[in-house]
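Next come the structures, one after another.
Same chain, two partners: subunit A is paired with subunit B first, then with subunit C.
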Partner chain A sequence: MSTRDGSVGRRMQWAAGTAAVLALGTGTAAAHAVWESTAALPTQGVSSGSLALSTQWVGGATALPPLYPEQSSDTATLRVTETAASGTTLRWRLRVEVSVTGAGSEYVRTEVFVGACGGPAPLAAGSAYEPAGGLLPGQSVDLCVRTTLSAEAPSAQQGTSLTPSVSVVAEQVGI
Partner chain B sequence: MSSTADPAMPDARPRPARQHRRGPAILAIAAGTALMLGGAGTYAYWSTSTALEATTVQSGNLGLTLGGGTWTLQGVLGGVTNIADLSAVRIVPGDVLTLTQPLTVDIVGDTLVADLRANIGADLSASALGAQLDVELDLPTDYGTATGPNEYRLTDADSGSTTATVTITFDPTTSGVTAVNQTIDLADISFSLTQASN
Partner chain C sequence: MKTPRPTFVAALALIVVGSLSGPSSASAAWQVRVSASSITASIGTLAAPSLRCETLASNPPAARITWDPVPGATSYRVELSNTVNGPRRELATQTTTGIDVGGALLTTLVSFLLNSLLAGGTVFVTVTATSESWTATSTPQRIGLAGTLLDGLSGGIRCR
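Here is the complex of A and B:
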């Protein structure tokens, strides 16, 4: 029977083990203390730009006159302006989407012109207006939307209302 | 036959458990210590000493200083332009800001090897704008050895002046209007020169 002696031995082993771990840990910590020199860049702010649009009917929005088959109606000038004017290298393009909702909307065709209606070729559907080099921050673009009722529109279309909507999107170019 | 106890044989009788063994041991240690202390004051002994030859040992040096840097900006369109006033710049996705940064490195020590790093602070990396920025450190091709992203290992042979290039790229895939109208402080970018330990 040597229960007490065994217990003392085990305690000695634990003590020795703990001491060894402490010694190793301290030694390791000491080994990781190294010289270091740091230097930060000077305090200096750098800001990001932005991209934002506003739209305005020049002279106020006008109600479209009634449409007849094979006839067109032009909107007033819609002025689209990039308002953030905040992007040193920023250039942008303008995407315009026109939709018409209501019964018989399939007989209505819309065209978007840059500048006055009937000017240079209208923007192709799904395309964007992007002059060479892109549009500048703060730049404005005038648009006109022409709406035409097809000659095939049935007489059932008489007296019906359609709701056109125009959405404009500014996209950064070069990305 | 008479039986006599054999002295070579261990006593088969159970020994009574020894009690209070610590007490005498402590007393013995105390007595020994007292004797030794007394002896230290009592004994005189011969002694001689010899100093090392007169010489000095000098520690090395590790230092890093920054000179005045210059900035350029390149957008996704157009060329590179010099930036006179960085606070007037408004960066957008795809922009690359480049800092040309003179450095003076002091690595003095026979065994000294050090790692030069560009560090991005938590304030910058956690900001909406900082999250869209990629920061990259480059050193001249004949200077140091690249050991990881934004990290170069230098030796005392690299002591002296060099020019680092830090490029900050605004992620061109940033969508919508993420991180517009934000400001970051470039002081959250730092260089460190650290003695290599492995």
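Here is the complex of A and C:
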């Protein structure tokens, strides 16, 4: 049979237990706050990375065959290589910008292919080549530029010179 | 109802702006641009075919007209005329670079060429290289009856 004294006793036990738990918890927290250890790491240089590109026409052929209406001329392979980020975790994507100047250039359209001309779909204008995970430091990408003269090119444009320009842009990705 | 203090609103705005602009400034990725060494290109010139003529030792003989491929040309139109600069009639349009002109081939144009043939004179062959709207026409090549006037077209055609 329960008595008032017994009830008081159980309350005291509960209170003592709760206090113990609180004390342990606080003590642990205090220990977390107090324990500390410091160790000196070996000195190691840290430097920022870099990003640089080199380009090379493979085979050296830099003159396109003459263009005729609704016909295309392909460049040699343009090899683009990242040259400065070796050993870093940098990832990059490649953007290619092609322009053509000269009389009649308004009748010339260009397409950029990764790999050989006429392979998979050309890069869409303004888009970048970025394989999954990005391009790696030191990685090379081969490009081909196809120029096509419009069927509407007037006969008067025959024999005119054109100046194509190809710029490649490496952009850091993954930040 | 309480209205927010101006200082609180300003601070909140700074936090919001900061949180919005922070990532964009952090994402200012490195980039480098390089121009490839220059390349040259040009719009081609459609050249006129340069014709050669050879009389075939067939029976009856025929005039074989040939020419070298013209860069950029997608087809060649072969035409006949009675005079050098006279009106021309199409004999064939083709992608190959040669044609044998025999009597049988000319029968379709006999009425057009009749006067020249009856006069025992010369018929002129021209070839026009074509690429879309561009054209380039050869200088005329002369051909004529290989036999007598009585033989007519059945006597064959030869180079002149």
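The definition used in the following text is that the second predicted complex is superposed on the first by the 127 of 175 C-alpha atoms of A that agree within 3 Å, B and C clash if a C-alpha of one lies under 4 Å from a C-alpha of the other, contacts with A are read in each partner's own complex, and residues count from 1 in each chain.
Everything that follows uses one rule, which is that contacts are C-beta pairs under 8 Å (C-beta built on N, C-alpha and C of every residue); 3 or more make two chains touch, one makes a residue touch a chain.
The structure presented is a predicted model; accordingly, all values stated were derived computationally and were not measured.
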item	value
Which superposed partner A:73 touches (first subunit B, second subunit C, both, neither)	second
More subunit A residues in contact [subunit B versus subunit C]	C
First (subunit B), second (subunit C), both or neither touched by A:110	neither
Subunit B versus subunit C as contact partner of A:88, first or second or both or neither	first
Which superposed partner A:51 touches (first subunit B, second subunit C, both, neither)	both
Partner chain in contact with A:172 - subunit B first, subunit C second, else both or neither	both
On subunit A, positions contacted by subunit B and by subunit C	51-52, 90, 172-173, 175
Partner subunit A, residues of subunit C touching it in the complex	26-27, 29-46, 71-72, 131-135
Subunit A residues touching subunit B - in the complex, by the definition given at the top	31-32, 34-52, 84, 86-91, 133-134, 172-175
Residues on subunit A engaged by subunit C in the complex (per definition of touch)	51-55, 57, 62-71, 73, 75, 78, 80, 90, 100, 104, 107-108, 147, 149, 151-155, 157-173, 175
For the subunit B and subunit A complex, residues of the former touching the latter	62-66, 69, 73-78, 86-95, 97, 99, 101, 112, 114, 119, 129, 168, 170, 172-173, 177, 179-197
